[in-house]
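Naming follows writing order (A, B, C and D), and every chain is counted from residue 1.
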Amino acid sequence: MSKKRKEVVKSIEDAVALIKDGQTVAIGGFGADNHPMAIVREIIRTGKKNLTIVASATAGLEIDLLIGAGCVKKLIAPYVGQEMYCPIGHNYRKYAESGQIEIAETSEYLLYAGFFAAASGQEFFAWRGGVGTSIPKLNKDLVEFTDPIGKTKKILAVPPLRPDWAIIHVGWSDPYGNGQHLGARFGDRWMARAANRIMTQTERVVPNSVIRKNPFMTTIAYADVVVEAPYGGHPYAAHGFYKEDVDFILDYVKCSEANRKGDNKTWDEYLKRHIRDHYAYLETVGIKKLLSLYTHPIVSW
Amino acid sequence: MSDYSWKEMMAVVFSREIEDTDKITSGAHTEIFFAATMLAQKTHAPNLKLQLGGSVTLCQVTDVDVPELPKTSTGYELIRYAESVHDHPDTYLFYGAPGGKDYYKNGSEYRDVNHFWFADKFFVGGIQADKWGNTNMIGLAGKDGKMSFRGPGTIGINDIAVGVRDTYVFLTAHDKRRLVESVDYISHPGKKVCRENEFYGGGPKWIVTPKCIFDFDPDTLEARLHMTFPGVTVDDIKANTGFEVKTAKKVGSVEPPTKAELEALRNEVDKTGVLRH
Amino acid sequence: MSKKRKEVVKSIEDAVALIKDGQTVAIGGFGADNHPMAIVREIIRTGKKNLTIVASATAGLEIDLLIGAGCVKKLIAPYVGQEMYCPIGHNYRKYAESGQIEIAETSEYLLYAGFFAAASGQEFFAWRGGVGTSIPKLNKDLVEFTDPIGKTKKILAVPPLRPDWAIIHVGWSDPYGNGQHLGARFGDRWMARAANRIMTQTERVVPNSVIRKNPFMTTIAYADVVVEAPYGGHPYAAHGFYKEDVDFILDYVKCSEANRKGDNKTWDEYLKRHIRDHYAYLETVGIKKLLSLYTHPIVSW
Amino acid sequence: MSDYSWKEMMAVVFSREIEDTDKITSGAHTEIFFAATMLAQKTHAPNLKLQLGGSVTLCQVTDVDVPELPKTSTGYELIRYAESVHDHPDTYLFYGAPGGKDYYKNGSEYRDVNHFWFADKFFVGGIQADKWGNTNMIGLAGKDGKMSFRGPGTIGINDIAVGVRDTYVFLTAHDKRRLVESVDYISHPGKKVCRENEFYGGGPKWIVTPKCIFDFDPDTLEARLHMTFPGVTVDDIKANTGFEVKTAKKVGSVEPPTKAELEALRNEVDKTGVLRH
């Protein structure tokens, strides 16, 4: 054997350097869980600009943070907020209402439809959801046509949505890019299938033998880049490792609300305080707080 | 209303709506919704097919202890109650009965084919709702095509509308800004739009506000006052609604939670009082 | 609690009595693995007629057996054979060439496309595979139309394929109809999603706690009917339990080939020998043979 | 040809075609295909992304012992070699790189977008193939629209053709019944049909028979004799082919398996000699 398998683990700096201004970047996770926050912060820290951001079906405030940090030109997101902590993201409101970001109105399945079309090499995905709503008026990529079989019903042709990068949080990954979620997968697999390249942020890099123990639990195969970032999901939960940091999220909500209301200073200080390299960021949270977020495993194999 | 909160009342009222044969997928107002459905499984609907959470987490708590009512739709602890977990996109083609058919319905032991493939019931939120039951999560129209208020986004309500039997529109306040003649943007189509587009889904069954419940006239498909919540007058509702309030033949009053219902809620589902605050 | 959860375990006789002549029945598994053979044999034993059979993406000879036993009116199958043991099913050839069964020409993904359309309540699924081939000419359910976005490419509209029953082999199931495959899932989940009713044939009924141990491994939720049939997959493999019985399969190939060539007697004797109630069938195989097929677990959890 | 079987030769020849950057999904003639791909991983393509089996079983045997070459595409024992297993339908939207893109191609460390979403290479069987590379798995046309010979069925070749870079058509015998002017039915479209329909997939790269390998004229898109197998003459091929045999400028001869190749095959992949019989 002359050649060996290629290992794809990189430092967070080297990994994020691969993402270029103007690219389309999809951010995995869902709600308050499994967002690749260390990579999101590194994107902000390195000043990426003019990104088109594709959010998960129910984004949390990771998208709001990217918007508030000035990285986003266009947003494709069915929802931006944090459920009861913050029904609508404040920076999202601020930038949307002022027209500073372009928004392609979408929905959960219109998003998945685009992912599906991209992953399966089709010209479009046919879907009825959105007919009879304002979404097609607010998203010119969607084309209405008539059911070719029944000849009466209106259908939307949803074109492929093919991000340059899908950035996905996994519980653990081997050095070759095979990752496993330890809890819910949400829409991460569909997002990853659609993208040209996958970057996983993993709580831990583990030996290949750990992955092979139950290959049915592998969710992301063949990631292009793997970044190890313990507590990289903070302030959000990482299923199987820790829960969300509610205090931290509420502080975010407060500072971003201030920004929406014109208090840039509070917001700028917030960014200055927390946008640091990963371990410096964790220092701002504090080890006691981090360790308090522990959740015991519910499923193991 | 001093001995129970509005959230507790809503959980109980919605729990009563749930039938043992239902399949239900979680929607807006997570904590109320989770409480209502878990309460139903524990009281009168042990066969309720229940998807909670953003990853097709099929939950069964009939015989399972619930130490604390889940507060978010995404938390890891939901897996504690799960018999099956899938990918979120599968909610549109997988949850519940395969393809989302009826279950033990229509007198037969086995379900008949129907097209309510998504679910039987679904909670919908909104920043506006109009007399047709059209609901808006997108925003309020401003000048030059901009929005004066950017809403949270439609999430999946448009997708769900095609194939859910009944939706329940929930508004957290009742005033003329929220209940309008015509919504600025449509996220969730009302019954009329659903019918015009030949959706299998029936559109909204109710619009629920802190003051009352609207249902829909089966002929005109317009909202009409169906029931008031305890202590609310029809005049109060008319004065605070942005469309002309038509009324059902007999406007009922929502029966407050009984002692037994509240006890079941608090002892079996919401032990720590998430809904009480 | 006045009511209890409903248990759905039935005897094979009571279960198969629910299947009516003329219904559309989908048979799970793939190749030489995980076919619900005990139920297939009971369908034959009870003389079901005029069934429309929907095969898996790569059927084995379970479909050939149903055809040869005279149960099938119409067949929807991308392939009927047994790879190197029997490249083309003999009864399939016999009945197809004589026009005794109707065949809706299809393919792997045209099948899945129909399942997907049914499961997601859509009017059709848009798919390019099959354009440029003879399949649309041989299957009038497929309607060709032009890509409404790009306006040039030809697309097939695949209507919903909604079997009355999906009959699926699982490794184990709880009494409430939650089943888990112990090995490959093939197309079973998609087939089950599309059907109006699911009947699982399970090697073993296990307590609900076994299912809850890892709910990510649950493949079939809420089956309508569960039939316990140990060795119910014989002569095919059941992943996690036993491998295929090659001798038995080769004997089938020989007898079915005889039938194709006009030797009904050999075939009728074959049916008489093996179409019995499940435990009588297992006696014809013999306990020594059955036990010799053991495979040790590769994945467990 | 006495010291190796045709199957062994085919496994070696196809293994040589495989590049380290490929992603490959299993196709017809399971045992040859499995041997070729596993051999490639063990010799020169350790990064080959390999799906074997009917359930998106992503296999990596570079550093794994293979006690016996798998004989079917569906067996449980394939899981032994898997790092990831999915549902069979996912083969059309999941296998390999997400969406099936290039990998380490075109001089860049990261793959570029391309549309070979299914795979780079795929084996196709057939009961007929014609000079355009159209392949037939459906049957032979008889009278009154019936088939005089019912073929096995198209399996997924039509689906795959849309998005696979190159297919390799394999015929197990070389005669005028199989190699025809025009197939009775098309299962797998040839290069011309693929191009007319603007498929991303390039159609067949080769037609392989026990006598020779045809490739395709890049201008006319017609089959032409590319290489002969050891001991076969061009005249023999012409006499047994149902269409006019055109030839490439220089007709080569397939290099037989080297001693090293055979050793690697037999010692690392096919220890029990599945391909020798």
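In this text, a contact is a pair of C-beta atoms (placed from the backbone, for glycine too) under 8 Å apart; a residue touches a chain by one contact, two chains touch by 3 or more.
The model shown is predicted, which means the values in this text are computed figures rather than measured ones.
The chains that touch chain C as well as chain D are A. Looking at A-B and A-D side by side, the one with more C-beta contacts is A-B.
With centres set at the average Cα position, the gap from chain A to chain B is 28 Å.
Chain A and chain C, compared by their mean Cα positions, are separated by 39 Å. Put simply, the C-alpha centre of chain B and that of chain C have 38 angstrom between them.
Of all residues in chain D, those that touch two or more other chains are 57, 79, 85, 92, 162. Contact of a single residue of chain C with at least two other chains is seen at positions 116, 127-128, 153, 189, 215-216, 299. Inter-chain contacts, as defined above, occur between A-B, A-C, A-D, B-C, C-D. Looking at the complex, you find that chain C touches chain A at residues 122-128, 143, 145, 147-150, 153, 155, 157, 159, 213-217, 299, 301.
Chain B meets chain C in the complex at residues 20, 42-47, 49, 57-58, 60, 62-63, 79, 82-85, 92-94, 96-101, 103-104, 110-113, 115, 117-118, 162-163, 200.
Remark: chain D residues 30-31, 53-55, 57, 71-80, 85-89, 92, 138-139, 142, 146-162, 185-189, 193-194, 196-199 touch chain C in the complex.
The residues of chain C lying in touch with chain B in their complex are 1-6, 18, 116, 118-121, 162, 166, 174, 176, 178, 189, 192-198, 208, 211-212, 215-216, 218, 221-222, 224. Residues of chain A that touch chain B in their complex: 30-33, 57-58, 77-81, 83-84, 87-89, 92-93, 96-99, 105-110, 112, 116, 127-135, 138, 152-154, 183-190, 237, 239-240, 243-244, 295, 298-299.
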